[in-house]
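As structure tokens, the structure follows; a few thoughts come after it.
For reference, chains read A, B, C and D in written order, and residue numbers begin at 1 within each chain.
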Amino acid sequence: MEGFRISEASVVFLKKPRLKEPILIEGLPGVGNVGKLAAEHLIDEIKAKKFAEVYSNDFPPQVLINDDGTIKLVRNELYYWKGKDKQLIILVGDYQGLSARGQYMLAQAILDIVEKYGTKMIFTLGGYGTGMEVEKPRVTGAATHIEIVRKLKKYGVNFKDEPGGGIIGASGLLLGLGMLRGMKGACLMGETAGYIVDPNSARQVLEVLTRYLGLDINFAKLEEKALEVKRITERIKKMEMAAEKSEKEDLRYIG
Amino acid sequence: MEGFRISEASVVFLKKPRLKEPILIEGLPGVGNVGKLAAEHLIDEIKAKKFAEVYSNDFPPQVLINDDGTIKLVRNELYYWKGKDKQLIILVGDYQGLSARGQYMLAQAILDIVEKYGTKMIFTLGGYGTGMEVEKPRVTGAATHIEIVRKLKKYGVNFKDEPGGGIIGASGLLLGLGMLRGMKGACLMGETAGYIVDPNSARQVLEVLTRYLGLDINFAKLEEKALEVKRITERIKKMEMAAEKSEKEDLRYIG
Amino acid sequence: MEGFRISEASVVFLKKPRLKEPILIEGLPGVGNVGKLAAEHLIDEIKAKKFAEVYSNDFPPQVLINDDGTIKLVRNELYYWKGKDKQLIILVGDYQGLSARGQYMLAQAILDIVEKYGTKMIFTLGGYGTGMEVEKPRVTGAATHIEIVRKLKKYGVNFKDEPGGGIIGASGLLLGLGMLRGMKGACLMGETAGYIVDPNSARQVLEVLTRYLGLDINFAKLEEKALEVKRITERIKKMEMAAEKSEKEDLRYIG
Amino acid sequence: MEGFRISEASVVFLKKPRLKEPILIEGLPGVGNVGKLAAEHLIDEIKAKKFAEVYSNDFPPQVLINDDGTIKLVRNELYYWKGKDKQLIILVGDYQGLSARGQYMLAQAILDIVEKYGTKMIFTLGGYGTGMEVEKPRVTGAATHIEIVRKLKKYGVNFKDEPGGGIIGASGLLLGLGMLRGMKGACLMGETAGYIVDPNSARQVLEVLTRYLGLDINFAKLEEKALEVKRITERIKKMEMAAEKSEKEDLRYIG
């Protein structure tokens, strides 16, 4: 593409699929990478196809190095999937915008695309940081319309009693800006410690989403990842405890 | 609104009321939330009607979660009120702009609206941080023209003797930019500690404003809020004193 | 001015004087406020007249409160003066731009104005922070062309031996950007501690400048200000020494 | 140039050389200034000629002072060189852009220029911070295409086994953005401590590059610089050791 330039949001279409009212699902990096893990697992399981790349001069000025020594410019990606009675567009990526302005511009560029496909429903996926380990992460929700709140409650989604919270970044903006275009949607947030990637929380979020969408997918790979994270964190804990114990014993020798 | 996009200041009109030279009153978040509390109380008491929402890509990229689980994109709001001989436009909202540039753009967008309605007078409401608790908060002022300074002094407004202060944010910009369009106005700042919301200070500010405007409103709800804040701060103080005392007693046992 | 809006650099002309090749002199806030003090003193002494105000959405979003309780939006100001054989435009103001981009835009807006008047020479005034008190501040220089370096040396201006320094802000940009438009100029920097306003350093800078320009002005007011600053700093020093002494005596009682 | 204004990337051509498919080589300031040292040495040795200067309002708002007291506005510079069967464009400069957006704009402005000359290949040079001194710095690489990875391995370039790294700034962006225009290229990163300029690492990088390009240049000046840096760091180390020793001896006197 001669003279190709990147503005605040530049979309490169790899193909232009015919889609009818696809549901938009967002899973960009965030707290515990819950949304990203969930959306990427969904793409893998339903074999969604990439059809567009989104570049932005509000992303970090950076390329990432792949395993084979080649590079890629940081970007977001759009995948599509056509089911029997449902179609999906899934948004994943390396980064969110660095500035407030960039985040608004990027969310609006995504909405411009899906609006043309007739999208009426948006699900944004993310993590809800609790600051401590959660054995059985609940899924907390927020929605554009009260009837969606009611419906999600039936799927076991938790809605906070105290007011005053907020949803920062693409997970919030796509819904807030989508509402202004007449779209509906909800954010599904998996409880997570917040200081480590959390495939277990991603699984809970994805379970609610797939049940809501009537999709039947396999969670084995996400469970494997969750076990691996658990193994690593437990090894670290043991090392810390051992270090602590040996310190105490050292002190005993002194005493 | 298909294709709706948010720039540095995008106004969505819910209705277009006919107004004649309305006085603009601003109460956005700030020190002690004095201005916000005052303006919101005024809206409630005189039953002003919302007629416009202002969105900005310089606001935090965020939605807020309402009590019922639904969301709203962060925004500012404009209300209007038609009295017998006075009309008001009241500006309230969730946030001020994040950047200098955004704040200028937002203030100018507001002035564009009220200028079309023929606004000639602006009151901006805010807090004046003193760093310590104030039992009887005075109202400090600053104005675009010396005759307004003189008039406000008659209403008990305090004007500082030492030079060199400044008014940061919308409370300053609306006046400074309004002056350049031939408007007049004043900023009313209630003394406040600065580290806690201060309905008592908001009440003092609103009392001056309503007397100046010849409005007669009820302050009961603001007084209730002030009492609640007082109860909470006193409970915290008692807990701190108790903690201190028990610490001292612990030390006595050691001695 | 109905609908008046402020961009990165918006000039409001109060009058449009006829000028011929005026020399531009810049004295905006900076290290020790040396440039600002010098330029403001020059304006007062030669009775230069204000002809333009420069506003910018890259200035802090703020109004300043005057002594009489009225306000002014932060801005820069341009003054002119017509001598027998020399004409001057003097740039002073409350702030410099907050961002790199804003500073470039503001400097370019100033150059746009003076270029139309045929300006060929620019003097920028500033402070050169040494980190310690300087009894007899030298004036350090930097210039656009080697012949100006040579000429300024004859006026006692010091040029550093070690390379690698820089001039940040308007004092640097006006010269650097002016060069690209074919203008010449120099920066005169008075040595100063850097942590206090320094009228004495401003005087040294202004003495070099006025001798170079063949102007004869009175420095009494600048000397008064310098004495006042000296009195204040000495009082503070005495208080610190007294505090130190009493601390030592307290220690003696303990011993 | 009357009315000359600097935008995010403004190119001033000093001459317009006829070039055919020149290879772009980038060496802007970065970790250990490895890329800058390498590119500047290459320019000196092959006697490349400057043909363009790039200014940007995203560079620091600053002029640099030359040894003779004259100034220059901070900028990037483009040099060209015509060999028998190869032509080069070399990019060096004082700074990279301050913001993400500015860095994208600057990289795109450079690509606009070289694309017109038919550039198909880009080498970006930089340092790879290891956090400790490296006696024999290896050259680590990353490339746009797998065949370039393979070819560079034959020249002794190291490719990391673990995934997940990134290349920040112009060295990454020129390749990432160049790819989107159909260009190929690689980044050569010399291992370096990261806290000191490293001519030795620059030499290793330049050796790989010149062998790849079939150029035969002299490294004497770079070796001299490397020795000088070594002398200085060793002197500092000795001073630190002496200071440590005398401290220990002081302690002995006490004991």
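What we mean here is this: contacts are C-beta pairs under 8 Å (C-beta built on N, C-alpha and C of every residue); 3 or more make two chains touch, one makes a residue touch a chain.
Model, not experiment: these values are computed from the prediction.
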{"item": "Remotest chain, subunit B as reference, centres from CA atoms", "value": "D"}
{"item": "Whole-Å gap separating subunit B and subunit C, where each centre is the average of the chain's CA atoms", "value": "37"}
{"item": "Cα-centroid distance, subunit A relative to subunit C, in whole angstrom", "value": "52"}
{"item": "Residue numbers of subunit A (touch at least two other chains)", "value": "none"}
{"item": "Chain contact topology (line, ring, star, complete or other)", "value": "ring"}
{"item": "Every chain pair meeting the contact rule", "value": "A-B, A-D, B-C, C-D"}
{"item": "Subunit D-touching residues of subunit A, taken from the complex the two chains share", "value": "1-6, 8, 12, 55, 57-74, 98"}
{"item": "Residues of subunit D touching subunit A in the complex", "value": "97, 100-101, 103-105, 107-108, 112, 115, 141-146, 149, 159-160, 163-169, 172-173, 175-177, 179-182, 187"}
